[in-house]
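In this document, chain identifiers A, B, C and D correspond to the written order of the chains, with residue numbering beginning at 1 in each.
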Amino acid sequence: MLNIADSCAQAVAPIHDGATVMIGGFGVAGQPVELIDALIDHGATDLTVVNNNAGNGDVGLARLIQLGRVRRIICSFPRQSDSWHFDEKYRAGQIELEVVPQGNLAERIRAAGAGIGAFFTPTGYGTPLAEGKEAREIDGRHYILEHPIKADFSLTKAHVADRAGNLVYRKTARNFGPVMAAAATTSIVQVAEVVERGGLDPEAVVTPGIYVDTVVRIADPAQTDPREEL
Amino acid sequence: MSENTVDTVPRTSETPLAPEELARVVARDIPAGSYVNLGIGQPTLVSNYLSAEDDVTLHTENGMLGMGPEAHGDEVDPDLINAGKIPVLETPGCSYFHHADSFAMMRGGHLDCCVLGAFQVDRKGNLANWHTGKPDAIPAVGGAMDLATGAKMTFVMMSLQTKKGQSKLVEQCTMPLTGVGCVSRIYTDQAVFLIEEDGVSVRETFGTSFEELQQIVDVPLRPAR
Amino acid sequence: MSENTVDTVPRTSETPLAPEELARVVARDIPAGSYVNLGIGQPTLVSNYLSAEDDVTLHTENGMLGMGPEAHGDEVDPDLINAGKIPVLETPGCSYFHHADSFAMMRGGHLDCCVLGAFQVDRKGNLANWHTGKPDAIPAVGGAMDLATGAKMTFVMMSLQTKKGQSKLVEQCTMPLTGVGCVSRIYTDQAVFLIEEDGVSVRETFGTSFEELQQIVDVPLRPAR
Amino acid sequence: MLNIADSCAQAVAPIHDGATVMIGGFGVAGQPVELIDALIDHGATDLTVVNNNAGNGDVGLARLIQLGRVRRIICSFPRQSDSWHFDEKYRAGQIELEVVPQGNLAERIRAAGAGIGAFFTPTGYGTPLAEGKEAREIDGRHYILEHPIKADFSLTKAHVADRAGNLVYRKTARNFGPVMAAAATTSIVQVAEVVERGGLDPEAVVTPGIYVDTVVRIADPAQTDPREEL
C-alpha cells in the first residue's frame, strides 16, 4: 500500500546505518535533491550508495561523502572536475569504489528488480573491468557474467504519481528511476504532483505502483542549471 | 596491395583538417536514415553537418532517441540533457526511455553507428579511451565501454598524434582497453584509416602523403581499395 | 507437537466447502494492500470476495496491474483480456506493460501472493500443476512455472482428493514438477494446510476431523500452532 | 528508415523460406491477423515460428501449421481445446516443438533484442523443462541458464505509429509486441493509424522507431470476440 509521506524527513526515516541506497539521476536531471538533503540531515551512516556518479561540488551526494557517511560507492563515472570530496576520500582510502560501465550498471539494477540471477554481457569483455569475472563465448561473441545490484532503499525523482503509486517522469529525468525503484526493497520517490487514481493514462504509466513504497510531494523541486555542473 | 600503388591514396585536403572539417567528413560517411550516437566532446560536432534529408536520428544514452541541437537561453530545460550533460532540444518524433532500455538498445546492436574519441586504437580495432592507465588515476568509465561494443559500426575521431608527436594509431594498445576489436574506422586530422580483417588501410589523407603517414604510424599501412 | 492435541484443530464448517466458499476463505487470508495474481480457473473466484477496503491490486501476467472484473456485453474490448483470455475491465489506477516487464515483475518477487490450482502438492511444497506426465500428452506450460516461483507466497487452491479418492497432497509429487518448494499454503474443500520447514500443519477443517483427514492424506499431519 | 508498406502482402514479401518468424499476440489481443493471412498467401515455408501458442481453430497460425509451412514452433502453451492442427502435426512427427515457460519466453526474446548472451532464471529450475540446461545456485536461490531467441522477422500489431516508426499499443494487446519488434532483424508491424512525426507523446512511446522496419496500416483490423477462442 502506498505511503504518502508528509515530508522528505519522514520519507527517509526508515533508512538504517549500513543500508544500500540507490540514488537516481543523471547529472541534474532526475536527481532527487530534496530526498538526498533529507538523508544528509537524517544521519544514517556506513552507507553503500549506487549512483551514476560520485557527487558534484559541495552538495547532495558530494556532501554525504564529505561527511564520511558513505562506506562504498558503486557508480560508472566517479571522477569529474568537481568530484573533489569523493577524490579526497578515495585517495585517503576512506571510501570503497566499484566502477561499473553505465549500461552494465543499469542492467544489473534491472536484473535485481526482475529476479534474474546473473547475465552475460559483452560490455567490458577484454578490459580491466572484466578481471576476476567469468567469461564465455556464446554464438561467436564474447561475454562476461554480471550479477544483480539490489538495494534496501532507492531515492528517485519522478514527475507525477497517482494514489496507486504509478509514476510518470519528465524527459531525460527518467533515466535510472524505473529500474532503481524496482530493485530496492523500499523505494522512495519525490514527485512534483500527486493525483487521484485514474488521473494518469494507464498506457503512459512508466513505473507501475507495485514498485513504489513511499511518495513525497515536492511541488517546486530544486532545478540547477545543467551547465553549473559541468 | 599488388596493383594499387601508394599514389592511389587521394590527398583530399592540402592541410590537416580542423575538428569542424573532420566532423564534416564523418557526417558524409553516415548513411541516410541511420541511428547514431555521437558520444561526448569532439564527435558531437558531427551533428552540425547532418541535414534533414539525411534523416539521421540521434541517440543519447541517458534515454532519448531523436535528440535535437543544443538548447540556449529560455529553451534550457534541466530535465532535458544529453550524455555530456548539455541541455538539448527535442525533435518531432523523439522518444524517451529509461537507462536499462537505452543501453539495451545500444548493446543489442540497434544503433547503426557510434562516433567516439580515443587515446589509442590499434591495428586490430581495439580501443582505449577511458583510462590513461596511470597508477594514481581514479578510474571512471561512464558509457564508453557500452558505446564501443554496442553499435553496428564504431568510428573513432581523434588527432592522429599526441601533443608529443606519438601516433595514437598503434600496433597494440598499451593503455587499458575500452573494447576489443570494435573500431572499424578512424578519422584523424591527417587521414582516414579503415581497420580491416587483415590490416589497416588509408582511404584519404589531409595535408600529408601516404609515405609521410607511414613515417608517423608504426603500423603497416596500405592504400584502401 | 507436545502440548497441542488434535482437538486444537478447529472445524470451521460442518460440511466440505464449495469452491465459492473456499474462495472466501482464501480472500480473508490475503493481507490488505496486497498485489495478487489469481492465475486462471477456480482461483479467480477469490476476486469475488475482495472488497474495496482490502485495496488488493490484481495482476494479470499478460500485462496489466489493477485488473477489474469480467466484462460483459458492450463492455467487452478484444484488446483487454486476462491470462485466461476472458475479457475484463479496467480499475482506476491500472497500468499496462509488455510481457517481459510483466514477468519481470513476477520473477522479481514483487507480487505478494499468487493463487494456483494443482494436480499434486507434496510435503516440501513442490508443485505439479502443468503436466499429468502421461506419455502421449502434449506438454503446455504457459505461465504456470513463472507464477509458481515468482510470488512472495504461493497458495494452492484445489479439491483435496482426485475423482478416484486419492489425496492430491502427497509425500512426494509423482507428476512432473512446476516448481520446487514454492507452495506455502494449500486451501482444499476439506481443510487448510500450511507447508512448513519441518512438516505439514492443518489450520482448520471443513466437514471432517483431523483424524479423518490423516486417514486420507499419506503425509504426517499436525495441528497448526 | 521506416518503410510504410502499401499492403500486408508487400510488408511480408521479404520473408524467405527457412526464416524464423515471431508472431505477436496473446489470445486475440495483439494478434496481427492480417499480417498472418498475408504470410499464408505469401507461401514461405520451412518456417520456425515463435508465438505464445500454436494456433487456434482453422485460421491464422493454425492454418499456417495445417498447410505444413511450419517446421518448428517455440511457444509456451501449444495444447488448447482448438489446437487440432498443431496436435495432428505434432503427433505425426511433422512439427518440432520447444516448450518454454511464458516468462522465460518473454525474457529470452527480450535478451535477443538487448544483446544479452544468456541469463540465469529461477523459472523452470527442478522441472523437466530444465533438463540439459546449466543450473547454478546464486545467493541461495537456484537458477537455470537460458539463451536469447532471435528472429529474422517479427509480425506484431500496434495501435498507432508515427512516421519515425514509434509505436503505441492498446491495453493488453501490447503483450509480446515490444520485445518481438526488438528481437527481429526485420520487424513488421500492422497499425490502425499512422500519424506525422510529433503526433505521439514522446513520454508515452512504448516501442521507439529504431525497432521498427515496416509498418502497414490496417484501419479496421479483424477483432474476434475473445470468447470464441476459449
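The rule is simple: a residue touches a chain if its C-beta (ideal position, glycine included) is under 8 Å from a C-beta of that chain, and two chains touch if they have at least 3 such contacts.
All values derive from a computational prediction rather than experimental measurement.
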Result of counting contacting C-beta pairs for A-C and C-D, higher pair: C-D
Option in A-C, C-D or A-B whose residue-number contact pairs overlap B-D by over half: A-C
Averaged-CA centre spacing for the pair chain B and chain A, given as whole angstrom: 30
Gap in Å, rounded to a whole number, between the CA centres of chain C and chain A: 36
Chain centre separation in whole Å, for chain C relative to chain B (CA means): 56
Residues of chain D whose C-beta touches two or more other chains: 107, 110, 114-116, 121-122, 169-171, 202-203, 206
Multi-partner residues of chain C (at least 2 other chains): 90, 96-97, 104, 106-107, 150
In the complex with chain D, residue positions of chain B that touch it: 32-33, 35, 55, 57, 59, 65-66, 90-97, 104-111, 150
Residues of chain A touching chain D in the complex: 107, 111, 114-122, 136, 138-139, 141, 143, 147, 168-171, 201-204, 206
Interface residues, chain D side, partner chain C - complex: 26-30, 76-80, 87, 90-91, 97, 99-107, 109-110, 121-129, 142, 169-179, 206, 223-227, 229-230
For the chain B and chain A complex, residues of the former touching the latter: 60-64, 76-82, 85-87, 90, 96-100, 102-104, 106-107, 126, 131, 136-146, 149-150, 176-180
Of chain D, residues touching chain B in the complex: 1, 110, 112-116, 162-164, 166, 182, 196-198, 200, 202-203, 205, 208-211
